[in-house]
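The following pair of complexes shares a single chain, chain A, combined with chain B in the former and chain C in the latter.
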Partner chain A sequence: MTLIQVIAEVWDKNLMTMRTIEHLQMFSIALLLSIIIGVGVGVYIYSRPKIANTVLNLLNIVETIPDLALIVVLLPVLRLGAGPAIAASVLYSILPIARNTYTGLKGVDEEYTYVAHALGLSPRETLFKVRIPMSLPLVVGGIRIALVFCMGVITLGGLVAGGGLGTVLQNGIQLYQKDAILIAGIWTGLLAVILDAFAGIIEKKLHQRYGTW
Partner chain B sequence: MKDLSKNSSFLFFPFLTEGIFKMQNEKLFDRIDYIRFKNITKKYGSSFAIEDLDLGIEGGELLILIGPSGSGKTTTLRTINRMIEQDSGSVTINEIDTRELDPVRLRRNMGYVIQNIGLFPHMTIAENIGLVPKLGGWDKKKIEDRVRYLLDFVSLPPDMFMDRYPRQLSGGQQQRVGLARAMAMDPPLLLMDEPFGALDPILRKQLQKEFLKIKKEIGKTIVFVTHDIEEALILGDRIAIMNQAKLVQVGTPEELIFNPVNEMVASIVDTDRKFKHMDTLKVKDLMSIFEDRYMIDASLNACDAVDKMTRSDVETVFVFKDGEVLGQIRMMDLMKCKEENIKVEELARPVKSFKPLDSVAFALSDMKKSGEYLSLVMNSSKPVGILVSDEVLLKLI
Partner chain C sequence: MVAIETVLDATMEHIVLVYTTLLISIVISIPLAFLSLYSKKLAFLVMKFANMVQAVPSFAVVAIMVPLIGIGFTPAVIAIMLRALLPIIKNTYIGLSNIDPALIDYAEGVGLSQWQIHRHIRLPNAYPAIFAGIKFAAILANSIAVLTAYIGSGGLGEIIFQGLIGYNTKTLLIGAIPAIVLAILIEISFTAMEKRLTPTHMKE
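Now for the complex of A and B:
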């Protein structure tokens, strides 16, 4: 049997096409929620500088909880399935996105906000036309870190019947199928690398366009 | 900066400001009749940034604010668009106190150009120029037309530059875009804070020249901050000299040069330096090149001389006999004795002549003593140039 045949067999037996789609679905939901919440938190603490540090420290604490523990803690609330994995991903991903958004907004050179102000832009227009666009490269940098987090945590979701490629790995471990473990593991890693590279390209493009540092 | 942080708390209540949005787009004033600073004082801690400033700016003039750093010139400029709020006193534009106006609306009614330009790096040139019109609700077509017009106006071919990003432009080009952006809403008032300060000297001279041309075309009221007295003398209709937070003197360049109120003004307009500067200049640096049409033969009679001079479009000629200069003669002198058959030789008045390497200061003072405004520059026995005293002064300033 050639290598390709082995892969094809394992792939079919484990329904890996379906599992991949499942996986990417959970991943997308988690990342999307992370971005919405993360950017929201970042913009919010930018406008409330007094609580910024407290919020970031709280998020840091969440970050220190081991991922498996976090998923298990969420189990009673969210039940078995995709819920705990997605929720854990989001909790992990808020910090890098919020922190980068906050740093990005704060880091915009005063020169530009001064000019915006002097040209007659209102504070809100300055935020949306100058601050946010100019901090985009940093925000995307945060999203890129979140992307890798999400990929890992979603894979762990297999342990709590979350579906996705984690399930294939879980089954492989339970039944001691080395082929399945290897193939699903490499495939998961490859997906993460591809997505990260894709995000990297976007980040670079944004840097070229918006970056000043 | 202070009111920036003050306003940031309103970031999340945008709806509060929504109501005045429409109002912001209306023109506050079609033209500037008069801007008056009345007893303006601004303090930072215990030190004065501006102390009891009284100043009037006429509509349509270019007023220069000049002084050493820390003299309050930029602070004064910024009270006009309320980027800085004075502690006491008032700024009125056409008799309206600026504090009664919404600051955002006020700022949209005046153009603002700063030294470091501050083009937004994430926007194309067209987007930068069209930003405020866009926020003002103009439609796409109108914005594009305006951007094209303005780029043309500052001598940047629109098709070449519209879609570029600021970093793809040279410093001088960026500064032109900065000016175009300031004029986007066609404001009657332009505030310029050392707009050419960051450019290299040659480029600065070029842009000043262009700006002088533009200034005449647009007929706007301009308040211009600089620390470069040459720039001030070239561009300013009037110059306000500030020192240590106070207005020292305001007047036309001539008034300041000829009637400085104190040593400090005299040293800023620095007529001394000009003369020192002149010491190093040679006659050949400032003379006009001699042309054959300035030469007339001694044996010609007066009538023929007038004809010849009319044809060659000169008012004064130098009389030569056998390659030797006899003197100068003006058209006016010839006209008087037209009837008689008289030779130019007899009418020639003495003329001073200098060598190309003589110093200009020496030549000018010599000419002034004998009341001449023209003199000849001779290299051995060959005429090479003409020195015109008025012209020398013009070239110096």
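Now for the complex of A and C:
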């Protein structure tokens, strides 16, 4: 049997097309929620500078929690399935996105805000038309970090019956199917690296368009 | 219920696993970072590889150890090392290379040897970056060490997986909470160490 045949057989036996779709579904939900909440928190602490440090420190503590332990702590509340993995991904991803949004908004050169003010833009317009576009490259940098976190945590979801590629890895280890582990492991890694590289390209493009530092 | 001795044993195993890996990683990566200073090619390779491996999910790394090396303590150490090594090398290299060239000129001017420049100029200036890398690696090691219990490394993850098999919430929490406390302790202790080792003139 050739290598391709072996891969095809293992792929079919483990329903890997379905698992990959499942994986990407959970991943997209997690990343989307992370972006909405992360940018929201970032903009909020920008408007309330007094609590910014406290919030960031609190999120920093969340970041140190081992991913599997966080999923497990969420289990009694969210039950088995995709829930705990998605919730844990979001909890991890808030910090990089919120911190970068906050730094980006704060770091906009004063010249630009002066010009905006001189043109008669209201503070709200300045936020949406000047500060947010100017901080986009940093925000996307944060999202890229979050993407890697989400991918890692969603893979762990397989251990709590969340489905996705983690399930194939778990089955492979349980049944000691070497080729299934290898193929699923390499595929999962490759998928993450490709998505990260793709995000890297977008980040670079935005840097060229808006980047000032 | 899990006996208190079991929890203490597992915690000890966990700490041994994390610190063994961290120590090996430091011993390997700091010389490698110094070598990268001399070879642009090596530096480029290390940075590219470091950025790429960062994206690979830990579970995939841990799982791939099984067919390649097997199960137990050693494969777990290697799996954790694959993830923990790179942040240390990367940060050490950035710290060592991002140094004010004027400082090196002064050092050469007063007649310091290459070794003395490394020891007394480059290294102290890189401490903050190196420690940031080691702290990051320690937290990463602590979190992957929970996962490696799945491939038989022992430690707190073992209690968590026991709890998962029987879906016993109490057992799950008994495994998870010490792991979380350990993570926070690592963060606090390394931050304190970082403060002590940073030369006085570099403190803000």
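We adopt the following convention: the second predicted complex is superposed on the first by the 213 of 213 C-alpha atoms of A that agree within 3 Å, B and C clash if a C-alpha of one lies under 4 Å from a C-alpha of the other, contacts with A are read in each partner's own complex, and residues count from 1 in each chain.
To be clear about the criterion, contacts are C-beta pairs under 8 Å (C-beta built on N, C-alpha and C of every residue); 3 or more make two chains touch, one makes a residue touch a chain.
Keep in mind that this is a model prediction, so the values were computed, not measured.
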item: Fit-or-clash call for chain B and chain C when the two complexes are aligned on chain A; value: fit
item: Touching partner for A:Ala69 - first (chain B), second (chain C), both, neither; value: second
item: Touched chain A residues, chain B compared with chain C; value: C
item: Touched partner set for A:Val130, first chain B, second chain C, both or neither; value: first
item: Partner chain in contact with A:Glu22 - chain B first, chain C second, else both or neither; value: neither
item: Partner chain(s) touched by A:Asp196 [first = chain B, second = chain C, both, neither]; value: second
item: Least Cα gap, in Å, left between chain B and chain C after the two complexes are fitted on chain A; value: 26
item: Residues of chain A contacting chain B in one complex and chain C in the other; value: none
item: Residue ranges of chain A touching chain B (in the complex, touch as defined); value: 44, 47, 110-125, 127, 129-130, 133-134, 136, 209-212
item: In the complex with chain A, residue positions of chain C that touch it; value: 52, 54-61, 63-64, 66-68, 139, 142-147, 150-151, 156-157, 160, 163-164, 167, 169, 172-173, 175-177, 179-180, 183-184, 186-187
item: In the complex with chain C, residue positions of chain A that touch it; value: 60-61, 63-70, 72-73, 75-76, 80, 148, 151-152, 154-156, 158-160, 166, 169, 172-173, 176, 178-179, 181-182, 184-186, 188-189, 192-193, 195-196
item: Residue ranges of chain B in contact with chain A within the complex; value: 1, 4, 7-12, 14, 17, 24, 81, 83, 104-109, 112, 114, 116, 118, 120-122, 131-132, 135, 165, 181
